[in-house]
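There are two complexes below, and they share chain A, which is joined by chain B in the first and by chain C in the second.
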Partner chain A sequence: MNKLSGAALRQSPTRRASPLSGPLPWLLPVLLMIGVFYLYPILDALRLAFTNASLIGREETYTTRSILAMLANPALGTVLRNTAVFTGASVIGQVLLGLAIALLVVRGERNRLPGMLALRTIVLTAWVIPGVANGIIWSMLFNEAPYGAINSALRLLDIPPVAWLSNPANAMISTIIANVWQGTAFSMIVLYAAIKSIDPVLYEAAAVDGARPWERLWFITLPQLRAALIVNAILVTIQTLNTFDAIISLTGGGPGRATEVLSLFTYNTVFYSYDLAGGSALSMLMLLISLGLACVYALFLPRPEAIR
Partner chain B sequence: MAPVSLRGLGKSYDGQEAVRGIDLEIAEHEFVVLVGPSGCGKSTTLRMIAGLETISSGELRIGDRVVNALPPGERDVAMVFQNYALYPHMTVGQNIAFGLRRRNLSRQQVREAVADAARLLEIEPLLKRRPGALSGGQRQRVAMGRAIVRRPKVFLFDEPLSNLDARLRTQMRTEIKRLHQEVPTTTIYVTHDQVEAMTMADRVVVMKDGAIEQVGPPLEVYRNPRTRFVAEFIGSPAMNFFDGRLVAEGDGLAFRMDAGPALTIPPERRAAYGPIVGEKLTLGLRPEALAIVPRGETPHLAATTRLVEPLGVETLVYFDAPGASGCARLSPDRAPRAGEPIALGLDPAMMHLIRPDTGAVVPWN
Partner chain C sequence: MIEGRANRLGNIATYLVAIPIAGFFLVPIVWLVSLAIRTPQEIFFGASRFIPENPTLANFWQVLTGSGFLTYLGNGLKLSVLGAFGALIVAAPAAYAFSRFSFRGRGAAMMGILAVQMVSGLVILIPLYRYMAWLGLLETHLGVTAIYIAIGIPLTVWLVKNAFDAVPIVLDEAAAIDGYNRFETFWRVTLPLAAPGLASAFILNVIFNWSQFLVPFIMLTDDDQWPISVAIYNYAGSTTATTTHLLAAACLIAVVPAILAFMLLQRLIVSALTAGAVKG
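Moving on, here comes the complex of A and B:
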């Protein structure tokens, strides 16, 4: 045995024999946290979906009847349609509005316009407001009584009052407006950061190549933002799918079921109908929808070589 | 293809002058190199020509048009950037074609133009790839293809080779020259590398602190630098400097080094140097103006060899002399060894006399 391997031997026992070797010990804390706080609840909900569990604790038995009953529920169709409209419109609205504001802010900063920091801060305030408070704020704005903020403003312009919340067709639009108003800030911050990280020399090259402003947006900014836009859309979609606090305090899901989305329906199923099994089945459905959409989005992520 | 004319061009950032009073007439098809140390305002000047920086003062003409107020896209210039600035999400072909968008060409014409440029730069096999999948040298070629395809009036290059390794740099240098011969276009090329400037330029423009120090063909600037700055910056290894005084000697003149021999001034320079007899001056001699002489010969500079760099065709000998150190360019068979004392003969025909206060070289021809 030569000197070298002797030295290696002297060191290796501590390395190999130690229970702290390998990546596992380093990952353990995270795995533990994820396991306890995420994985376990998900698995438990999955288990509950196959029971007849109720909030008023009676004896649980395993059955698929809760799931079948929930799938047969005539409200589910309406709720899913509401969810699709609410989520789709919110995601599109938030991403587009967030992108527009981010582009404006970056442009303003480039031209040394004053007040850009203030603008960013104001937009962000909407985001830090809790969802319930957001619902209350907008219910005051949309209030159809004479003192309702928007309607009284309309009256000043001689426009007849609008049934923002009581008309089922308007209620969904109002809910989307309230949600977009709050969620736009998130998109703006994500996209603002992404725009700032685009190499400015690309715009110079495009300028020399004679690209007009909209061409720079279309051929440089948007392709460069592709990854950020998609990741942002995934996050906003999941956020929106889970939104029910703002809706509860704004419309409570009404009138009728006009603004009842899946998350609110799940909440109502569990906490008003005490149907824990049905609620669990619904939450599994939500998980599937979120995962499915995230996968679809991920298909559009740019290949690594296109980002460099 | 057009002449470019810079008249009193200046740029200030928040009151700080970065570039001032640039006067330069660039002829049609001329290859002009702006050279100078980092921060001297080369890029700023180039970017003003491109339209990427606003012009604070002066007038810029491309062809017969004043273009001060024109946006970059309407100046009909093409630029190659230091880090190439290729559009990462487009293929090589799309990158090259991008500048043709405004030309109202048919699809077929665009394809032909791109193919021509690609053939010229030998990047045809790369057209379908994206920049991320290319090597530095290939990206460089694509960037040049993007410039060439438009057949612009003026080519602008901002340190295009500084991200390449030495071998590739030399290769691309000749490549750019070849392209300039095949597609003669007015070219303004920025570099901090005086070798690039010397080898590529029809005329070099040496810049310092935001102003032009000297303009001329490379050899002219090399042989007759007008200031100590130019003398020092152009040429590698740099010129050697020795302090001393110009004195009368018999019926002629001589430069007496503070610590070293006296050097007889060649007769043809006597008239020009006459008025400055007695003044303290700096003698400038390029490394090739120094040669080893037999110890007994006078006058010679006694020095000690510090470092010897054999380069094959020649050997550079770095030496220490009393009051100065410098470099001599010697033939390999005459080269001493490190640490050896040597006697250096100085060639007065190649001398420059520099005023120490202004840094100006005293003209004599």
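Moving on, here comes the complex of A and C:
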């Protein structure tokens, strides 16, 4: 009794005045960090794009020449095409394979088949491997020496060796395979959760109607997964667009520029050519592409008020 | 009867698809293990010596002591843990505000934080490289840790908010009746009860930081400071065919801690990831 009244006394007048009663002080640390490490750098990169800045310090003057020079750079077209191929194929591969595995695991679990948790774990294991290690592991698998993993296995089967990394066209395919290997788990786990959250009543109704398995997949599962699939595809697109470590350690962008994507090109522009202005312009291009995709993403999200 | 047979056929089909998929995901890691325990001579047998005749652990020993990988492991662990801890400290109050306060622009602010995650590290690192140089934080773990914290914030805010959402709000009200102010409620009630969610956010951050390459690669050129990700990249550049077994061992040393951390806490991590995914 005594305690309660004391609490009420302490609570009523002071609570409003307390600086922690509003959300702002709680949000402050995050806002500060985002301001210092994201907003300001992005604005600065935008500013740098309109200068002639170099990584080796010199007087900067404002000019649009860096941007124009970058747009006229013949390498840019190749790099953008590589980026589109790498990103497009990786996204399709990851989302489809992730969906297939998620469907498989859910089906297996419903029928109490052993080994499904193991399958899920194996796929997720590839996902937690550092990107650099991913590139190194696949460079060992694709090694074209007689003792390289895949080629020596092919020889055991009397199949001629394949130029996995030295042939420019193959190098892109190899890079995509390595990337799909690592990234699929993300799609799998998101789609797995989405499949599990589909209302079972829908399947019961379908069973009453005598629907076949593929009809259940086509008319119930896939339409119900539509939002999850689209959101996932766009998240994966942005992740893939930003991929850097797995490519630099697998091919380094080569042979030639065969696997040089936008992130690698941006890095090389700044840290090899010391062209800070050009690199900043490229990084703005990366941001613009991501932002465009994020806007598409936002269209498919529930309205902000719906989020508790 | 027919239903049962169709089901059995379906089960067989499930395994027919599952086994090659499992193989695709498992073989690269098993191959890495196979190379890492071979002698230099056995490397040249390729796939025909998948299981080495003379397996050895000497490669690990040589890499750890001879090539400085003990230092790189330590640096990697230090940066990952500090970064994860920092991200939790910065993100938890914001997550609490998103979970417990209703205010104008809350939804937009949460979306904004999520949007930040889409910004490539490269975009911010180009300008940050100059600030860090100016502040004298290039070549320091402090500078790297600060960027790790910033990069970890978006995911951490969301994960921790989900964890707070799961703590019944009546407990906050009970704490308020007991005379706790907001901060005491947060610190003594919500935070401890959300401990499992905080733990999975922490572990996920550690795993992501462990994988982080771009930030230390750009910020640290002094090899005493490198985390293991940068170290194996440079090691790969300096090795030749005759040292493949050592590179494999080094690579495995970089990979195993991440896999172990994940395996131990798989249930926690998967539930944290899917909790967010289902809502989206």
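Convention: the second predicted complex is superposed on the first by the 264 of 308 C-alpha atoms of A that agree within 3 Å, B and C clash if a C-alpha of one lies under 4 Å from a C-alpha of the other, contacts with A are read in each partner's own complex, and residues count from 1 in each chain.
The rule is short, and it goes like this: a residue touches a chain if its C-beta (ideal position, glycine included) is under 8 Å from a C-beta of that chain, and two chains touch if they have at least 3 such contacts.
Remember, it's a predicted structure, so these values are computed and weren't measured experimentally.
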item	value
Touching partner for A:F219 - first (chain B), second (chain C), both, neither	first
Partner chain in contact with A:T125 - chain B first, chain C second, else both or neither	second
Which superposed partner A:L165 touches (first chain B, second chain C, both, neither)	neither
Chain touching more of chain A, residue-wise (chain B, chain C)	C
Which of chain B and chain C A:M140 touches, first, second, both or neither	second
First, second, both or neither for A:A207, with chain B first and chain C second	first
Chain B versus chain C as contact partner of A:I67, first or second or both or neither	neither
Touched partner set for A:I189, first chain B, second chain C, both or neither	second
Doubly contacted residues of chain A, that is, touched by chain B and again by chain C	304-308
Residues of chain B defined as touching chain A within the complex	50-52, 71-74, 77-79, 81, 83, 85-90, 98-99, 101-102, 130-133, 146, 150
Of all residues in chain A, those that touch chain B in their complex	199, 201-202, 204-212, 215, 219-220, 223-224, 226, 302, 304-308
Contact set on chain A toward chain C in their complex	3-4, 6-8, 10-11, 14-15, 18, 20-23, 25-31, 33-34, 36-38, 40-42, 44-45, 48, 55, 97, 100-101, 104, 107-108, 111, 113, 115-116, 118-119, 121-126, 128-133, 136-141, 145-149, 151-153, 155-156, 181, 184, 189-190, 192-194, 197, 213, 228, 231, 238, 241-242, 244-245, 248-249, 263, 266-267, 270-271, 276, 279-280, 283-284, 286-287, 290-291, 293-294, 298, 301, 303-308
Sites on chain C touched by chain A in the complex	7, 10-11, 14-15, 17-18, 21-22, 24-26, 28-29, 31-32, 35, 43-48, 89-91, 93-94, 96-97, 101, 103, 106-111, 113, 115-116, 118-131, 146-147, 149-151, 153, 157, 165, 176-179, 181-183, 207, 210-211, 213-214, 217-218, 228-230, 232-233, 236, 241, 244, 247-248, 251, 254-255, 258-259, 261-263, 266, 270, 273-274, 277-280
